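Questions regarding the structure given below will be posed in turn.
Chain IDs A, B, C and D follow the sequence of writing; residue 1 opens each chain.
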């Protein structure tokens, strides 16, 4: 009789069936040893990108210094040896998940911040978001004699700056960003200035903080907390702040004004629960999504269990609103981060077991409501359902803290191709049957708007958020993707 | 004006103020590529030891193969290249935190399993626990000409086996273990037999599982789940199981019978919440501790918040019993595992911030009950309280899911010297003032016994568990430590 | 009594008191797996640069592939894993010692070949030599909007190409190289063409070889031997060869014609003794230098010993001409390559002992003639003399196979600043006293010309070689260095 | 037409067709930071073993410290970080090539020095040689309860010491070594004593040196030179020296006296040419072998060329005696050490080209005498001959500086099995035809004895050296090998 067999390799098999933020940015000025602060800040932003990270600093004696590494911040920017190579009181940093444009493996030259030497001095930039006309810009720049060193869309910005006719770096940056379409929250630096910019729609977050007499810019407030900085305000959509010792924080509005469209998925999943978005704890918003969901989609059951960790706040809210006890029915192995990179879709179907285990003695015989943040391909959801049923649950009900994800994001989030999104090809009931659960309910788009604080729900004529991944309503036309054949459901705004 | 300063290095500063399990053991026989199963099993037991791990396998063609590495299982036993060096259908593995006896840095030769070549063939053993007369045994063995290769107490077992006059390995193992005093759950192997033994008191856990026609032994049931094995039963205190293809599972009772004394702290903290101990989910026991604690020590407040992650189940129980809403007031950075090794006590006082962040917008102005599993040195508790108050909480109340930890453990747990244990030198009220909180309450020893299922509480004449860390009542005399001057409060049993 | 002390660290102390070639280049087309041939070729050229190496290949399926690493070829381009990432039948490679322009540590982005994407496709180039107007060019290019990614002078070529108005790559390369002043032997490639160019003076070597139906370009013939290629001819000074499947080898002369000035030090030291320069084995030329030296500077002695390994051929020649027995009086430790990078001048004064040991039993009581290739700072020569005398030699006579090195090289060789060259500040007799030897003689410049085959010696009006390091007669004005204050002894030609 | 093909990987293909010394040993006492001296000493002995190295030191504060690493000394024992872990004024070290007994890959636990903790304190030993009854001893020791940690024959010594009834370490060591048969030069240490022993035949070398008030023991004198120690004398065959601060150097003769039989191959190849053996430079002895060879086997030719580097001294001697000019006809690539480990015999037939290149312009049309130190399998010799003929040589004559190697060594040298030795299966003329050369001559055994200073040649009744590899006359019966079926030509002495 053959022996029990095992997959070829136990750890080849881990996958996350999640959308992923592509980047986090951080900058600081007016502090001793800026690189240490930046390392801390990037560590706090690690959930926005785990593939690689980089830091650039400047001091008058050594000029610009930089270090760029693959892997986690804590594994790279921890040795005294590396930190000593990054002297200075001003600097910026970047963590990234993957790059627009690159087909194969990322190379170290794709890791930001990017640096450029201009006639009037050097500048470094770090970019969160995605430039939707990068292919077009790159073609034009190469035609004129620019040499690209990376496959990153963000490098266009530095080449556009190099060719600007303006005489100082902030002006050159304005020139460059006016040519760029898409989503961008940029943190940049010169020898003496720290600069932050958000695109006119304000798709990606960017906040300003105060530390002693110095200043910090960060994708999220949680990175201000870790360095002990005070949260001052968000950089506004379409705003450029230029921070210098002489003039403090100066604010500019270089772009034509537009109605803001902040990414609603930052509330649902990307941002850390202890960050503050729109004046409220992200955790609290997510708990409120659970409350809305319990109202919209009640069901009789014994336990409300989160899919850890991202489903936790909504599960707490669901439990509180429904009165059904909250319980940890699924336990996460804390020695398996979000950091595994999966090679193939086939493998995505395995391996949840390495990360999650069912609390068998608890679940047995129970009717279980599982609360998750989203369903992307549905592969993980299916696996989890199977684990729960294998453990002897009587019924499984899925409640999802976001509407069906039916459209790809072109603004700085890694989404599968449209045909791989479960909700792009199935109705809710088809999905329920595909997942094999007793019931499956997503929060409505209106319910989600209510949970983030828009009491009247979504105004389809003028939605307050970018919700393209749910609605197919794209606020900026994805130029390069359309050149490759992507078809919009409706014209972009 | 001087710039804001930063600690010398941001990541030097992380510490855990916890007791730590020193080991996890795992073995399997009758499966294809046993090493893969063992890697999975050890990954599931990683919380029991993160410093190093090892695997030994055997197959008829290559004989015994072994690999021992520092670091996490997922970082070592993941490459196809390594797994190919570990062929065979039988094998054992070990994860460890640190070693009894070694003062300085652990060396790779201290990493288990240990292997010995005897006249009748080889054997490998992996040990969870601590031998309290190891110094004495080692002295005696060296006197007789044994050469020790490690500083580990566990190596005594293999030398005792080498000198036994018995003619087969299980008999030699009985001989050896009869000389050993202390706590031990041992998994061992010969070319064809998988062996499991628990000391007469059954201080450390060990369970038996079935996988196809094969068998597994594991410290905890969560490691059976991950390989898809079925939990059969616990190996009993004082039992030796010998598993072979010819005779299946044979059970022996080589030791003089004693009243069992399972470690009660396994329920409180060491074991994984999804493991089953004494027929009940560990999670459920911990939730019940929270319920007991809410009854024993109620207080008026706005939120019940766990200190993540170990305080979570008790906080849920406390919230459910008290009716005060449960909330995630402290968020854990998931990119910082339990794995950082801190160099000095001074540094332990810092760096909690790297791991934990307060959900400021949620906490502001609230009266907060913080639920934690234990207080050891109190350094982390103090830091957390400060973070919560800095964030604007109105009041902080600590509720601790275990009695005051006032005595060191000599049975396989890494405890600070007695004088560093907060509860060894202070009363509860002194601790409250030291921590600077509005109230501080520990669960009573009776309450803890009730939560683990002993309805009548603790019987001081014949306690059912080893609770020496709380009571100073040591079931086995710590011979070596007493030779070094340690004084018992009362004679050991 | 204090114990014998030791320098802080035994291996910090190794230095070579030699001039160093800065680069070797190699290219091949029309072979299966070009990268393997290039790895071999670079291994054979390793003496021209040990700091780093790189390979670029192209095949229609994968486009351009590249790998650039610090360290020796054998340590980097040896794993199947790396070689598989470099597919294609055409490719180029580069080994380097250090970079012009970079003050601090070389970074991986400074490692060649450099690659540029142009409107009509990509090209990669590898450069041996030095561009003497690189600073000027770089300034101009940055002014116009080019972004430099390295600190290497060679990167100018690729940016000049990017801005050329020509429509194909060979023509753009001609445009670019016409703006470049200095010494250059360049190997370049497009998707289908292998290109080789030498500057009009032909300062650095470049040879053409045939392998099957394919072609190779190499700095030296020894790299043709290792891949089994046949030496066809040298690429001529001022010639560009363009090799393609359709047209085979096409020859162009893009530059204004000048009288060639090949580097005479290639004969003395840089090139490998088994390479062929000017139709003759380099070994044979060096042996002939020894013969000339014995005629110019005879002395009575017992043994002729080379300073290994570079002094060996001249020592053989000296022995043969003088009749004094040749002997290995100094033994080289073969486990210490030329690869140690020394941190400071102070340390250069130590450590010869790690590399060389005197054959004490042989040397004792003997009058010894030591033959070395050159004296640069004199630090090593002094150490060697001391070792020989410590071992009991009766007399030490130095004979040097090159004239006094009194001027820095600006054409691709790493020379100390002028004031550190012993011969720049001392007469021959001062040097003799400084080195503390019985006699010291350098070959005359005429003698050297005779040895390389110019029977009539050097024509001071129209010297056939570049001998600037001996004569101060610079064939190309070192523009950038003069801008930094370097003063010529006589106007450059 | 197919493209020129290349072997699967260019650097898989390197092999040395040489016998290899298996170990070098070094010890020092009475110096500051002994580890630095040992690192230097081992670096000088690197030719005796390149696979791995280890150092053990002792100081009163830290006790024994050790570091054992794979690879070259210069790559391991160079970092300040490692050297700081090896404090103390006394220590020993070891370099090794491979291990007797281990079939597969060496593991780090096989790397010496070995350490044992005895009742009266610890001791470490390093062993050069081979124990011919190790299997027998190991079996007996395991039977009695010893646990071996390595597969090395040398570990027997430490276990024998552990079981000795003597009360101090030097006495226990005498006890142990009296049970050991074979060749051994041992360097050992206790907390305060440095100990050196040679077996009664004195097969392997061991010398004593003086440094300041301290002492050193080394396999060869070249390692005394590098640390600046003065060569005092050889440790005598059968002598044990015990060096302590109180008694200085004490000499013992613990073994039954026998006629010494020093390994004659140390003169031919193993020892470094700058070491002193028997009062004469090894280089000088090898040159004398060339002189004898020219007398025994003259031939008309144009050039005498060494096979680098080991044939060089004999080639010089041959040239001086014959009057035929000495020339470097083959050039060695200095970036390819002796360190490559080849996987298969098939591969040994390739790859010489990576290491050696013919000086084509020199060799063309010439009659060449090639002088090499030995012929083992003959694979390299054949390749070299082909390279020389390919380069256009008119004739090739081989002259070998040792007699035909027809028997394996069991005393610490890595030899192929007998049937792979060319001289074990062919006559001289068959070998000549197999190698395809115009003539092939080995020095006679008598000639070799004359060259090492025994004017009357070899006395077959009482040879002064161990020459078993040439004669089959084994001075110590190879017990273990005979148990495995090896047949002696004549009874061992």
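Assume a residue touches a chain if its C-beta (ideal position, glycine included) is under 8 Å from a C-beta of that chain, and two chains touch if they have at least 3 such contacts.
Keep in mind it's a predicted model, so treat the numbers as computed, not measured.
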- Return the chains common to the contact lists of chain A and chain B. none
- Item | Chain whose average C-alpha position is farthest from chain D's own | A
- Length of the line joining the C-alpha centres of chain B and chain D, rounded to whole Å: 50
- Rounded to the nearest Å, the gap between Cα centres of chain C and chain D is 36
- Between chain A and chain D, tell me the centre distance in angstrom, where each centre is the average of that chain's C-alpha atoms. 62
- Task: May I ask you to sort the chain touch graph into line, ring, star, complete or other?
- Result: ring
- Note on the structure: Here the pairs of chains that touch are A-B, A-C, B-D, C-D
- Task: Note which residues of chain B are touching chain D in the complex, please.
- Result: 108-109, 116-119, 142-149, 158-159, 162-163
- Query: Can you list the chain A residues touching chain B in their complex?
  - Reply: 1-11, 30-33, 36-37, 39-40, 43-44, 46-47, 50, 72-74, 77-78, 80, 83, 89, 211-214, 222, 225-226, 228, 272-274, 276, 279-281, 283-284, 287, 309, 312-313, 316, 320, 325-328, 331, 333-339, 353-354, 357-362
